[in-house]
Amino acid sequence: MKALLLKGPRELSIEDVPEPRPEPGWVLVKTSAVGICGTDKAFYTGSYPLFKKPIVPGHEVAGVVVSEGELKGRLVVSEINFPCGRCEYCRRGLYTHCPYRRTLGIDFDGGFAEYFVAPEQALHVVEGLLDPVEATQVEPLAAVLNAFAQYPPEPGDNVAVVGTGNLALLAAQVLKWMGVDPVVVARRGSSKAHYFEKMGFTVMSLDEVREYIKRRTPEGLGFDMVVEATGGTQGLDTAIEIARPRGVVHLKSTPGSKFTVDLTRAVVKEVRIVGTRCGTFREFRKAIELMSRGLVKPVITSVFEGIDSSVKAFEKSLSEGEVKVVVRL
Amino acid sequence: MKALLLKGPRELSIEDVPEPRPEPGWVLVKTSAVGICGTDKAFYTGSYPLFKKPIVPGHEVAGVVVSEGELKGRLVVSEINFPCGRCEYCRRGLYTHCPYRRTLGIDFDGGFAEYFVAPEQALHVVEGLLDPVEATQVEPLAAVLNAFAQYPPEPGDNVAVVGTGNLALLAAQVLKWMGVDPVVVARRGSSKAHYFEKMGFTVMSLDEVREYIKRRTPEGLGFDMVVEATGGTQGLDTAIEIARPRGVVHLKSTPGSKFTVDLTRAVVKEVRIVGTRCGTFREFRKAIELMSRGLVKPVITSVFEGIDSSVKAFEKSLSEGEVKVVVRL
Amino acid sequence: MKALLLKGPRELSIEDVPEPRPEPGWVLVKTSAVGICGTDKAFYTGSYPLFKKPIVPGHEVAGVVVSEGELKGRLVVSEINFPCGRCEYCRRGLYTHCPYRRTLGIDFDGGFAEYFVAPEQALHVVEGLLDPVEATQVEPLAAVLNAFAQYPPEPGDNVAVVGTGNLALLAAQVLKWMGVDPVVVARRGSSKAHYFEKMGFTVMSLDEVREYIKRRTPEGLGFDMVVEATGGTQGLDTAIEIARPRGVVHLKSTPGSKFTVDLTRAVVKEVRIVGTRCGTFREFRKAIELMSRGLVKPVITSVFEGIDSSVKAFEKSLSEGEVKVVVRL
Amino acid sequence: MKALLLKGPRELSIEDVPEPRPEPGWVLVKTSAVGICGTDKAFYTGSYPLFKKPIVPGHEVAGVVVSEGELKGRLVVSEINFPCGRCEYCRRGLYTHCPYRRTLGIDFDGGFAEYFVAPEQALHVVEGLLDPVEATQVEPLAAVLNAFAQYPPEPGDNVAVVGTGNLALLAAQVLKWMGVDPVVVARRGSSKAHYFEKMGFTVMSLDEVREYIKRRTPEGLGFDMVVEATGGTQGLDTAIEIARPRGVVHLKSTPGSKFTVDLTRAVVKEVRIVGTRCGTFREFRKAIELMSRGLVKPVITSVFEGIDSSVKAFEKSLSEGEVKVVVRL
């Protein structure tokens, strides 16, 4: 089959590789669409080292099950953590942290290929609910939901989202659904803020947010919760600054490089910084429901056609103003 | 009265100043002993800017109440946050974050003087329970307890303490009382590790801890909880490294300068970084009880006599190997 | 002034009494409207003993401030707990449990009179936001919000509300706002279920709910959260039955008499039963916001005019099918 | 092999039955000792209906693994929930609630026989750490730890234990280890209170506790946490009475029959009633550690020898003053 192989920074090519073979309990899936995420870009640009070389990237993936069984012929999305099911983390329900897991498109060949394999248990049917291109966004939406499942806002809380990328867009919509109308903190000259404005969100610069806090949050002390999703190493400083004493900062960015942050301020304010990552099957289900009911609408800025367009798609994904690039197979 | 005045970096002198006068509900306290804390040193060396200039430093303080009333003549320690009692933070019970509060020795004249004033409600009687010198350590012990009140370990958890200063010593003892026997992570050549060893704690270098984690924590993935108390900007990186997925990192250090940390790792592991600061009246009470029952023993490495020795005491507090310097008046 | 005096079971009369006089920090309020709540009925029928005899009942109250000051002339609603502000519960932020508090209409004369007094701090302006009759429902709505502030559902959770009275109606709407679409469990022949249906909620009998659970909740084991608001002593058994293992049961009913419940089942399922009561100033604010934005609409089934109609209003409030009876003054 | 068969209320006999055969992943264990728990008694007296008829009772069990494998020849204790490992509850880490589980001695033949079978994963080695008789108490100790894992006390909290049976004894010791010195509430004329006194615990009658609360708990309002372990239906009323506002009541008793309780009081005080049951592998490990380090010492009041003594042992277990009856095989 044809697959996109990443061999090192910027070394990306379509090659012919053997079709992967599912183990017992796993199935073969024909890829329908696959999105490019921050991690993919970090592997591509080299800000992350590769865990497997070469690797087929792609973990935001939808496809049709080929193997026999209950799921055969159905459009599915895949969780990305394939755990052992037996270790202590698995037994505690923390299977996304199983040290024996394989992670789709991270250390295990992913969705930028005609086929991929996954454990049946990791698949969620989206047929009749979502089209393949938008279905690729179930995975990041599940990651967003995971943050709020671990540390939910109280409905009516003052919440800010820092950043204007895909996660920020998903987070803002999820927050709205949860009874919270977030303020979005964008860079001056942001190339993506307009997507938020179109959806009716309040977008502000950091200076405006500082004013807002003084006037509109209790005693002028800041937001109950801040979601950091800038993709950079500076956003956390902003998030800590605008969080109130005892506030929660959801940290989503994974830039790879070191952060430089004033954490003395976090101690003095007693802020809690919560790192979160992939959703479990429960968040996948909620994500599918939210998207199929139209409560969360992913913004996909570019769709490429065919696996052969993947290299171009990666290049495109790096350009400013792109929220999400998806390749349809 | 005589007071120690700090006017800027390294500008410290004993001067004659008017005795402070208590407002209604406040009392005048004759200082018995006052300790030097990290914040005092940071003001002194200039790594923190002064909030008030000049300021009488000192918030680890014990003294005898002079004003008429129920407390007259009794040895007390003082909380350091003097809140308004009316704002939203006060009404929610978060009075240590009251934006209208005055903070003893921070933005309000503190204990390095013959007298200081404090609201009666902020005082806790230690007479007959503690001697004045050790009583100065109620305040930092309350700050340690506050961390565990907010995010307690489960008894029997794997916990590490990174750092070997005063807070680390107090935290280790509190953890032991809570059914947790912590591992202490010290620098090679540490000047203070021996205090922990004398108390029976296990002290390790970072390399040894890495080995320990592999062999002794579930699936070799790290500690359930890590207390960062190094006073520096490097300790957090260690803390995140040795915490397990979904582990809690208590962040206590307030070095002033920026931290440089690999927070991508914190996101991937879903670590929660919890900044905490001063205790409330509840932690003060528990601190007094723990110390008076001998369950926590502060380590005071140098005691100076008389307010006039304060400048020397400050210099001494900067030397390696000092855990806590206290001046007895 | 004219006031409604309750002297014992069914002993209710309009009498002339002296106008109450506000203490310092308190204000006199001219009553605009006052609702009848379950507690009022329980005092009236005698299922609760009176805490004060005679008492002016009424704690769901809106009025216009008469005393000089910032609030003069403005339409307000009142919190019902008037705490001491100094005790340990107050300082911890648990002021609704202050043992020295006075409670409006419970152990302190309430709103069924031409005037009542309250501390300025307990009042919330609703002028321009709510009309007096609906404003009476801010208080019960705050009580509902308090439950979810303490133990929030996760958005998308399976939640059931047992009961069809006023609290159930408010809870169902709040849940919807929080991203949860609750199932309402009504008695066969319920006199109030139609209010829920009109609002678009799914209403079921217990038998239907049992079927629903099997088909629609994970592994057929029940609801993540159940709100018990039947006003009776039987609803809790239902709530425990339909909650899933480790589910949360919000217990709101205060029938006075003893409950007879199969709690062995609660132990085996590891259910958490959470009793909750009055909201704090934070829930009052959210309640006002929710109602003024039309996100929660109280159902008021009867409005009586004038303090003289109060006895009739009480009688009416006992009849089946009444959700909420309010007297406008 | 010989086994004790329970066929209905008081119908207990030793019979010859086929040895159970382990499924793949399971092992055969030769019973060394087995304790009699409240549930066993409830089945025996008929206050619980049998889930399986006849059943071999016994879930507090230690034995030596007979089957080939890593565990062969080693003394082990067994968890009692044998889950499917695949359902949603299993994947969330709530495997003790797996609806497809088999439960040792409850709905699946247990330890009152020469042999029993269990999944290898459910077994915990105690060889060299515990003798078989005391090892039977790992299971109830794990159940106690489970309560505190879900809702831990804060160290230094005011905690009461209501009841004087085996669970109460284990809970009191665990609490002490956690930095809490509980008050034990016993019946007047209690037959078991002396065990607590011997261990140094403070034992009081309900009247004495009421006095204690007034004098020794903040504002005289009650305990932060109460552990209800009376085995009866009355203890919960006491527990709610003596808990403070917002306190936690751990409910452990499973009498089978209905409780009659004043839950209006629980609502007014905003008490949280937390039902908890079996521990997971994590609590089993902690239990073994606590017992092997001598931090928790089970009280075994009668030891019978040989499976043939089992019927007598059951009769004995019903007599007053018995804390725990164990049969050694």
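In order of appearance the chains are A, B, C and D, and numbering begins at 1 in each one.
Simple rule for what comes next: a residue touches a chain if its C-beta (ideal position, glycine included) is under 8 Å from a C-beta of that chain, and two chains touch if they have at least 3 such contacts.
Every value quoted in this text rests on a predicted model; they were computed, and no experiment measured them.
Novice: Please report the minimal path length, in steps, between subunit A and subunit C on the chain touch graph.
Specialist: Shortest path length, in steps: 1.
Novice: On Cα atoms, by how many degrees is subunit A rotated relative to subunit B, nearest 5?
Specialist: Value: 180 degrees, nearest 5.
Novice: Compare the two sides of the subunit A and subunit D interface and say whether they are made mostly of the same residue numbers, over half shared, or of different ones.
Specialist: Result for this pair: same.
Novice: Could you tell me which pair, B-D or B-C, is linked by more C-beta pairs in contact?
Specialist: Per the contact counts, B-D leads.
Novice: What is the distance, in whole Å, between the centres of subunit B and subunit D, each centre taken as the mean of its C-alpha atoms?
Specialist: It comes to 41 Å between the two C-alpha centres.
Novice: Can you give the whole-Å distance between the Cα centres of subunit B and subunit C?
Specialist: Centre-to-centre distance between subunit B and subunit C: 44 Å.
Novice: Touching at least two other chains at once: which residues of subunit C meet that condition?
Specialist: Those would be 88, 94.
Novice: Looking at the complex, which residues from subunit C come into contact with subunit B?
Specialist: Residues 85-86, 88, 91-95, 121, 280-282 of subunit C touch subunit B in their complex.
Novice: Mind listing the subunit A positions that touch subunit B in their complex?
Specialist: Where subunit A meets subunit B, its residues are 87-89, 94, 97, 99, 150, 218-221, 236, 245-246, 251-264, 266-277.
Novice: Can you name the residues of subunit C that touch subunit A in the complex?
Specialist: Against subunit A, subunit C makes touches at 148-149, 152, 154-156, 174, 177-179, 286, 289-290.
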